[in-house]
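Structures incoming, each one as structure tokens.
Each of the next two complexes has chain A plus one other chain: chain B in the first, chain C in the second.
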Partner chain A sequence: MLPEDTVFALVVLPLLGAAIALSSKAFFTGKRKRNLEYLGAFVGLVLPWVVMIQLLPLVLTGQAIEGIIGGWHESVGISFRFDGLAWLVNLLGFTIAGAAWLYSLGPGPHGPHFTAVFLIQTSALAATAMTADLFNLFVCLEVMGIASYILIASSEKQGAFLASFSYLMVSATAMVFFLLGIYGIYRTTGALTYTGIINGLSGLPDHGGVVTYISLSLIVGAVAIRVAVMPLYGWLPDSHALAPHAVSSVLSGVLIKTPLFALSRVLLLVPAGMYAGQLMGYAGAITALVAVIIALSQSDAKRLLAYHTVSQIGYVVAAWGAALYVGTHTLQGSILMAGAFLHALYHAMFKGLLFLSIGTTTDCASQRNVYQLRGAARLLKQAGERIPITTITFVVGALAISAIPPFNGFASKTTLSYGLKDSWQYSMLYAAGIGTMASFIKLSRIYWSKPEQQNRFPVPVPNANKIAQTFLAILCLGTGIFAGPMYRFVVTLFAFGAPNGPAPVLYSTQTLMNTLILITGGTAVFLLASTRIGHNILKIIRERPRDFQGLFVAFSLGVTGLSGWLLFWG
Partner chain B sequence: MRSKITGLFLFQVFLCLVTITLVLIPLFWTDIPWPTIARDHMENFGMAASGARNMVSAIYLGYRVFDTLGETIVLLVAVSGTIGIIAHGGDVLAKGFGDPSRNESLYQEKTTLVKKQRTALLEVVTGKLGPVVLVFGFYVMLFGHLSPGGGFQGGVVVASGIVFLALGGRADGSTRLTEAGVLAKLESISFLLLILASLSGVVFGGGFFANTLAQAGMPEVGFIVLLNAIIGLKVGAGIGFMCIAMLGRAE
Partner chain C sequence: MIERMLLALLFLIGFWGIVGIRNIIKKIFGLTIINNAVVILFILEGSRIGNQVPILEEGIENIVDPVPQALMLTAIVIGVCITALALALAFRLYRHSGTFDIDQIHRQVHDVT
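Coming up: the complex of A and B.
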């Protein structure tokens, strides 16, 4: 066995698990079928951890495993590169996927088919993280996409098929343009591997000029759809709100971030990449604020969370884009990139936790409307939850997303803000933080006070839910307490070669003052939103017109804008 | 739920088309010379390294076989999703699109209509052609390295052969190839085989997706033929299963 093969275990083990799960359905029935399905999940979600641990010493020293699949010549084969970045993205993927699959054992959807598609999605995540070939990136995104369309539709909720369909349509359209972008790059450089592309571009006058800019903006635009940055976010709220809870947590936590970090491999190498990053970063900062305002107006609990996903990914993209612009070899750039990843990782944990907790709660109460559901804590107790695990895990998630110390959201948001200090993006993110606080005060009201209807029979909470939620809640608290070591760990793994500088200070008078302002401001905004005028304004935002074709208009305008931006600066 | 085509809608379509065209024109209108690296490499070494006379098969089952694994998975998931939708008989779909429930009488009417449309002519022709189409499918599948064709195309031909058999066969048909259960078994086994084939290189020290058969002393092209056969079986079984489900026979 060659050392290069070890990294492919992360891709192949989930696939093997998927194959086992599919066979279990075709060949067996009853208990045997279920055991084989669980074996598949074990192979696909637990065994990769062995490989991850085995690879850790290598990536900690800043080394990378590189090669060409099948040992072909580099001009025709597929290159891959497994480094610290890939390891971290895999950490993100396998943590959340494991917890989410465990959760799905409770409320469903069940069955070998679900497990197989779920594992295929996990495998695509691992493959995306380490690909160093533009066409292979396309294939990985396609596999990831098709698995998520199926998983969204598998909830069988009203409208889930439609949500999945509009996601399918807009993302398939975007992928066509991604392919055209690959054409442009291949046409000019004759290469698909990242190193080949860089070599090809450096030999061209003006690095390929207009063709490169347009190809790059097509590729970035298509990835931005997956990442759901404004204005390309339109597909996300419906599909994340209507997917099964476990799938929602994976979609929000992992799926929208993996393409972003895979894209950074390309943008870090291409000369025009820094300007693309700059514009994406601006879009991210605006996204963070606008999405949180829309989130505040929502009445459906899961849709509210879905808009918060858009808002939080705005934080990540703002820092990520700024990092690409200043360059990851600088101290500020490395802090920003580490902050972006940390927030992506921590968001995966607390948003995954929030989706699962809210999912359990709304299932138990058979009510998803934030304005109507009250006294959920009591309902959960009636449903047989003697220790109020779901309420506690919700509170943990809400405190983490609102950046209250010592939870992990505080650590990552402070790191982000430290990197973005004295820029207009910083004020946008600050304002978004106040909105986040307000909207989680609003959401938390579903747990307090008395249930309005006494005659409702609460649905019992399965044990799998409690275990998965507790696991994620412990992670939220643990990574918050050990924020310093986590930061150093991520910076070491990224190995940018940036000058060593002091880590951002988490606990100072200023950050604690900020937290205090955040809490006060959030409460004030919440109280304002509860007034009659505030209520009416939110209603207007909630019921703003949205249409299917708007998704395509947003995409074409976004791509055109990005090309114009690159032409202007480049 | 019929929406009118409004001026706004037309403006949106217009805007999309104009902006995208503006962006795409410079992409195709360029005087940068065409790249030749990969072409030259394949011309000089392609035949010797892969053993395939059909260079297309050398690309998709040799140089870029990992991409092909991905595309196979896309097909697998798509088929599984389609079957999921069909299995619900459209009632979930109907709910999603705003209809209160499935129209039961319409469904019955449709089934009887399908039964009426079956004629003796259809049954005889499809029944007799079925095996021929199957053989042709296997030919396309197994000769993919020499002539246009390969696993994906051959698999689809095999699937149409299965559909022919299903249309032509009577209830006490002599083949089990049209049974949904058998096809599901075939599909899952060939998917497993594909994964194992990709791993075979790891076991024998050649690396992930290495040509194990060539290492064992067999012709280079053997691996391409093997993969073509596995993919063909998988595609044939998968698409066949989907068509059988569409005929309403998958229980």
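Coming up: the complex of A and C.
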């Protein structure tokens, strides 16, 4: 079979799996129903790996599979492009989705309907990664969104329903603005495929002028809501904190990054894209620092992790935006883009791991408050965990996110910092690193010392949890140790045509000194935050007012700001 | 021009519904209204070059641009899905809290956590 024929299997197989899972609910009961559901998950999450491996030699040579779905004429068909970027985003998606689904077999949510929606979401991820058509991007984002609203609500808590509803309203409204942006682009260029849009724009005086800038701002703004970069992050903490643990790990790990890399396809081509990238990058650097301060103030363990997701996505967006600004054909740009992707991939691993480990721990102790839960390591032992797997996997995740060598977070953050050297963003990210360290010292306190209440019966830890967590922990350590080959692999796959330069040096006196400063600074910030004054300041930050309208005000401000920026520079 | 101004008005009414009204059912109405405003805008755009149905038979000329119509069919389907899901969520929120007022629901959730 030709690779051109198999590339759609990455989208179709998860959909087929979803259909199998749903039919198991409709036609069978008992054991046969469960077996058929597992077959669906196998088809949707394991078989795509066969296709991925088959496609790898092709994308490694820098080739891309391009074409129009169904062989229609260019002016009406939907074009797609499967290249190294799409392959890497699929790698990210299928790794984390597989681990998270495995985890869900333990604490839930159970049932064919969950598996079906989960697989539909995975399918939308694969489709988003390879689309090269603006309207198809809209459809993929909507499918992905609808699946995620359902998954967030599947924990059946009132707060989760509210979080899901708020996310749905702001995201669906933003998608209507995205549609308006498509209208603007279609009106000026008469095309929807990326190549058609570029051809159309280059034929126009001033590249389409004001209409193009505003349309582009609407599109970027709508995607920025999904990516949750400041100031458009308001929906994320509640929905990630209140979703089931397995869903939280996929939402944080995969779902917020796929739109970003899909968007880079558009922005790399459009002339004004570099300025949009520049502003997004600035917003990312600010996000990284501000979100980590809010994270430090949180009392709920999962909400703390959710704010760290916002902060870490800030790192990714800062590097991604800077890469778009300097251009990915330059050496610095290719290092930055590779760094952005590596951090997205590694963040998916360690944040997925952290959500699962903290989920297991808080379920076992029936307590989520960071200030009240103590001695969780002992509780887990009482629950029958003879080897302290959950505690170890938490420590692995915490070390990785705090950028301690040899874990993967160190490798990606060092690559990012190398690319951003001597810019103000670098100092923002450095400060954010200190905050991350401090807040994970705070979070790790739940494992220390004795439990406060002895009489509570800990809930046993299912085996599925341990397997999923061990798998991700091994990935975190493995990608950290083999950071050099991973970097070369990603740079080869991206195939920017940048001059071949030396890879950033990971282990030098300077980087190790930085780590030392990070640890010292983090401990100092943690101690400051533990004082009475620090405690009161954090309380004010934690209890700052947040409301539904704020989401829309932020969106309007973001889009207006971006159009102003583009008009000013463009 | 008058059509576009009316559509802009329709869009603003919908946006005001989403942001300004506290009842969540009316917020969902607002979402449907802005969605439909954009759908009509696309259809209007398609009719700039002709006004006949785009079924290519003999004797038919001046057809509308068929691409926006095809796009809007998809957009309408997605809009229906979103509305249905939003209404289902609104129903669950009502069952938990006994009210459709977003501020009251916010307050209840805040008190629990």
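Note that in this section the second predicted complex is superposed on the first by the 567 of 570 C-alpha atoms of A that agree within 3 Å, B and C clash if a C-alpha of one lies under 4 Å from a C-alpha of the other, contacts with A are read in each partner's own complex, and residues count from 1 in each chain.
Following the convention adopted for this analysis, a residue touches a chain if its C-beta (ideal position, glycine included) is under 8 Å from a C-beta of that chain, and two chains touch if they have at least 3 such contacts.
On a predicted model such as this, the values are computed, not experimentally measured, just so you know.
In the superposition on chain A, A:L429 makes contact with neither chain B nor chain C. In the overlay built on the shared chain, the residue A:I96 is in contact with neither chain B nor chain C. Applying the stated contact rule after C-alpha superposition, one finds that A:V76 touches each of chain B and chain C.
Looking at the shared chain after the overlay, A:L179 reaches chain C, while chain B stays out of its contact range. After overlaying the two complexes on the shared chain, residue contacts for A:V211 are found with chain B alone; chain C is out of touch.
Of the two partners chain B and chain C, more residues of chain A are touched by B. Of the two partner chains, both chain B and chain C are touched by A:L162. Looking at the shared chain after the overlay, A:I150 reaches both chain B and chain C.
By the document's definition of touching, of the two partners only chain C reaches A:D300; chain B does not. On chain A, the surface touched by chain B in one complex and the surface touched by chain C in the other have residues 75-76, 135, 139, 142, 146, 149-150, 153, 158-159, 161-162, 180, 183, 186-187, 549, 552 in common. Across the complex, chain C is touched by residues 75-76, 135, 138-139, 142, 146, 149-150, 153, 158-159, 161-162, 164-165, 168-169, 172-173, 176, 179-180, 182-183, 186-187, 192, 300, 547-549, 552 of chain A. Residues 9, 12-13, 15-16, 19-20, 22-24, 26-27, 30, 32, 34-38, 41-42, 45, 49, 59, 62-67, 70-71, 73-74, 76-78, 80-81, 84-85, 88, 92-93, 95-97, 181, 184-185, 187-189, 191-192, 195, 198-199, 201-203, 205-211 of chain B are the ones touching chain A in the complex.
Within the complex formed with chain A, the residues of chain C that make contact are 15, 18-19, 24, 27, 31, 34-35, 38, 41-42, 45, 66-68, 70-71, 74-75, 78, 81-82, 85-86, 89-90, 92-93, 96-97, 102-103, 105-106, 108-109, 112-113. Those residues of chain A that touch chain B in the complex are listed here as 1-2, 4-5, 8, 12, 15-16, 18-20, 22-23, 25-27, 67, 69-73, 75-78, 113, 116-117, 120, 124, 127, 135-136, 139-140, 142-143, 146-147, 149-150, 153-154, 156, 158-162, 177, 180, 183-184, 186-191, 196, 200, 204, 208, 210-211, 214-215, 217-218, 549-550, 552-553, 556-557, 559-560, 563.
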